[in-house]
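Labels run A, B, C, D, E and F following the written order; every chain starts at residue 1.
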């Protein structure tokens, strides 16, 4: 053996360690909701995209659903408009919707380029293509907040077609109502709806938090795994609140619609998605069905 | 017969007249370059899209390649930039490229919605998806004009995949160079390159002119059909010039690469594309290979 | 625009008008019973065949079931036999059956040639091929009328095979009993049985009448659309009688077996089948399921 | 063993003897020209049809091309016409062509029934279906003999489609000219043309003769196997003449177009086709390519 | 006719006699358990293999499951071990298992060679390949007899894959338990389990007996056909006993799991399997479902 | 981050490092010759098998060709025979061949179990199955050394079939001559012949040496990469000799038949095959075509 063989041997061992996970999720669909900090920092962006591309190469079938948050506000600003939010939802007049669609479209294609640059075929679509996402107008406490839609129907055929043809689909959360008007959709909701419609095995949210805590003030109380019934108890008990609530509701919905595991992952840690999937211990919080077996070591 | 049966009978007769054309082009690929006035006027837009959708429904395999011309300038203006052109080519700095890609992306999805609203499956892609269009930097008389690309390679697999899955592909002319930078591409060039790569039977340019004239000053000299060798003579003789020259060169290239007929059609006339294809007389100019038979009545 | 562009523009507009109908029935199976006057007049024959061929080219899947009526009697006469009918059913001895099969066979192949001459692949079969139509002997009020069969079983596999291979199937109504004897079958019955077996969307009878009347003596009482329950009431009320009764029963059976619409069309009007299908007003009578929506303007 | 096991054992041994022949011709196409006496005698008819059906069941892909000879004359007579022949070719006016097509059509469907009654899927077509046989008018020494065609083009796609769908195709020799007029075709010619077009491995003519003789007057000089070059010498030497000459020319053409073996078989002997194929000694004459190996024991 | 044509004619007649049987079992799966004397005598071996190969060539889908009985004992002896049996089951320590697997593997490949030498593609697998046979340890009256397994699960996918690719699968009865230890399996049990898992139409045991007797002491009481309910009565009545009991239980299980007919055939008679299948009288005993029709002449 | 996240992060990074290699060899065929020490030590065995299984899971198409060396001698000994070698080739009389085939068969199935236990479908075949390896007798300097064959023909169809059905094929090097006698084949030769026949991208020999040395006495002169022309020079110059010579000749043959790279890997180092493929530096020697680019850092 040459002098640095030791180092290479360790690396090979890591690959071999990944084998049971690769075997376990072979040809399974994983929907990745990609947004937040992981989308702003260029290094994190590359890291996320190469992680997801790796998942595809080793036999998974990933689908990316992305947001465009800060970029949209930036461009709304550039044309001299003031972003306006009601209850955390962007008020979306026609011009804002135009800008949002443009920005999301460009983000979409930039992710496509990154995947293509890694040698994997990608296709970027919105909820309009192939009639993927049908929406109806969403009201915020009865107020009209413009072109903000909630998903009323998903036709996943275009995703099955693309995956059959070996593309990695990348979806931006824009959809059409019955009159073919354009609406913005919350990316978490879109990811959840897509995961349900395609019968995904996993749904992973890349977020700006570490995961769920039993006690929000005690960072050491991070939950590695939690069954769906416990999650509901946490909500009922008031432990979970604020911005986490809608996301956790989405997670619960997804589990109840047949997704095996939903992961809330800290997108600020490089390769967190690989760590969550390819090791015996997650880095975020996994919510799982009550009949599923826990397997992380806390 | 009821009193207005006469009218319906005439309509039926028109459908029957179309039969030989439908039969002739069954399952043939038609690439439609869509731009100019036909893109600005909402009624013309609907008319073009319903024409192309009809082509798909009656058995053709259309592919749309679109531009975004005036919209791009509008948005460049909105953010306070002055559009700049050198030799008719837009100088495209990084920010301009960002805007162009955003605008083209939104135009792309708006065409997708229109086709979907007619009950036909559409998918909107750019030259980035599936590595469709590879480009290299284009110089204008040796001057660097920024992110303006000329096509160096076309990988049509994504188009074959989409058409096999029964989608109508709609392409916006943006591509990647070898370092995966984003470039703007002339839509005429993109349409021509795509037509060659997929082995299209027809390539149709929707333009703001009636067609080619033997004598530009004599509107009655409109050419209905012209063989490629004659077209070259017209160029050599100086009859054709100005903005028509690159377009006609594209036409000639396409014919020489195996496309049977290239049509220059007046997009300002509603349904001009159907008239050109479904009747015994074209409404624009058709350029055809020297061995093809003419069939329009001039 | 050139001086006759107006005319071409109108034609194009007619094609575009047809778009929603083409879209609506895309890939739907239509069984056309073809007989009567439309079969005797050479011009009507060409018109019917080009209509059905057009339906195929624009994406429908038509199947023709034809009769041979007057031709059979002509040839029976040629060999010096007297045609004999009991209760409207041809008494079919062995020689008559031989002649009937020969005549129907030739009619079948003449329709095949006509379709082929329009550039569409056709295949002419009888109920013997691939075991398509199994029959048992039919008695007329207990009397043996020879080789007249009623359909006991349909094996539509040969039709699915032919349609998959893109042929337009043309069927002559001859079948086999369990001992593999040859029987003549009423073409209306055959069309109805085939429509049920393939799960057709439409069944159209080309007849020598305008359609159904609410009051047979009042030609202005032609019914454009009628639901199946109303049709039953008309029968119960004695409004419908004579030769229409078995045909209407067939229509009702077809609707109840899942065919969406059955059309009784006047085959004496050229292109009546196209007018019925491609316009907002039928030219004959459409019978439809009670849960279907009417859409013709009466 | 029971007392008659001996008999059954012998039968089993015969099946096993057939194994190498079955193995050798597995999935090979055999075109069988069926006509003459074997078509008139009902027992021979059953025997031929069950032989060909057996070939299909054990893995061959047979295609039957049949004539209708005596039946046509019978029906021409029935309608009071006098059959007329010039140089052995039937003068075929329009009415005669009508009768011929009708008779051949009925023969065709009677063969279909017989195959179907043995549990195998058959489909009866003419040269019109799917544009199988295109013809041009044939003249006899410059004389117009009416609707007698010689084959100008074969489009075998319909045969490949039917065989793929597991049908045994049965062809009657009627075709269309470029104006879609109906023509009668010599069945030997049709069989030969079909064999060439589908790349058949074998072509077998069921005839009313024992085979070829080296010396026509010496019945013991029957030729079991002959290479194509020897066959040409026999013709050149004048040994072969009369009605055999066109058939032998057809055989030679077929061999030269790539058919491995052409068999002239005595259709008057029951099961002669099986004996020719499944034993180490033919019952008729096999013509084979010069590079093929002889294998019959003379 | 030549002088020995008579003989050939008889042979052809035998082939034709087989036609209805070939037609009846076309594409049906037949599992053949091959063991006992038929495996020891080289001539019988060739006869069995050519019979099964013939079944494949004429359209059946045979699967062979074989034992290795005497060969195993021979090799156990060669290495100086004493074969040991408890209740007819071989006590199988680790070394014996190694030898058994080696011997069975070689027998397996020798059968593969024989089939291949007849021009048919064969593939030899064990229950380990593709996870075909999963077992659990079998105890004999509570005693541990080593690596003797009983089948707990069959995954027939590998068989469907091989048959789709036109291979004749040959299986040796070795399987894995949940810890991936190697176990010997009784070949009768394996054949029965495979027949059930693939939904075989027939299961044939080649044995060293003539079949079942109504009265074991009266050789004339051999049963040609018996319904499953009668078979159970024979067991209940004590008529069947000894070594026949487990085999008959297997037969009954197979019938109840949907196999149409189970045949107990005397493997000592050459071609007995063909005689059983291709004639109107079996040579052994057929057990059939109570709703099946008997058809042998006793 | 939790305290040991660092460790997990490093592991994830290793996976990401592997991405370009995984991408590069996606769906490429790799033939692995497995023998020597790596086959004797149980830990190495597990390591090799899990490495190859990993290759399959991440998208490669590996094929294993194995030997059985020491096991064969052990069993030859057990039955009391003395192994005999001439020029390094085992003298293989009939009994030795029987033992060799048995032992190789059991080794084959033990590898199948190991792959299956990792959740991947494997199928173990010999060169007899599907006629994979045809051989002719090999003589050693003109001496008959029994059933030792050299490969005369490879029919790789069975491998394509198995790989299409997603099996990992494991081949033991036994083949048949034209008379269907069984022969032993050198495993290196078999691996090389298989790699050529399937058009493998890589061929890897797991050996008991570190690789090739420029100077055999200087362990530091290990060659990481060498072009085929250089390799020939080393042979011509006498640098390479002894046991390496036939292996290197095999390597050269493989390269010249279109295999891109041949690897000589030290099977005694765990995971050496992964290190060779998934890192920027090989652990053995890679021989490559003269037009290929080197990419290891020496």
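The working rule: a contact is a pair of C-beta atoms (placed from the backbone, for glycine too) under 8 Å apart; a residue touches a chain by one contact, two chains touch by 3 or more.
This one's a predicted model, so the numbers in the text were calculated from it and none came from an experiment.
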{"item": "Smallest count of steps, each to a touching chain, taking subunit C to subunit F", "value": "3"}
{"item": "Counterpart interface for E-F, drawn from B-C, A-B or A-F and sharing over half of its contact pairs", "value": "A-B"}
{"item": "Reference subunit E; chain at largest CA-centroid distance", "value": "B"}
{"item": "Interchain centroid distance [CA atoms averaged], subunit B/subunit E, Å", "value": "67"}
{"item": "Chain centre separation in whole Å, for subunit E relative to subunit D (CA means)", "value": "43"}
{"item": "Between subunit D and subunit C, distance of the C-alpha-averaged centres to the nearest whole Å", "value": "37"}
{"item": "Touch-based graph of the chains, sorted into line, ring, star, complete or other", "value": "ring"}
{"item": "Cyclic chain order - from subunit A, heading first toward subunit F", "value": "A, F, E, D, C, B"}
{"item": "Contacting residues of subunit A [partner subunit F, same complex]", "value": "1-2, 5, 8-20, 22-24, 26, 47, 50-51, 53-54, 57-59, 118-120, 222, 269-271, 274-275, 278-279, 281, 283"}
{"item": "Interface residues, subunit C side, partner subunit D - complex", "value": "75, 78-79, 98, 101-103, 105-106, 108-110, 112-114, 116-117, 121-126, 128-131, 158, 161, 164-165, 167, 174, 176, 180, 182"}
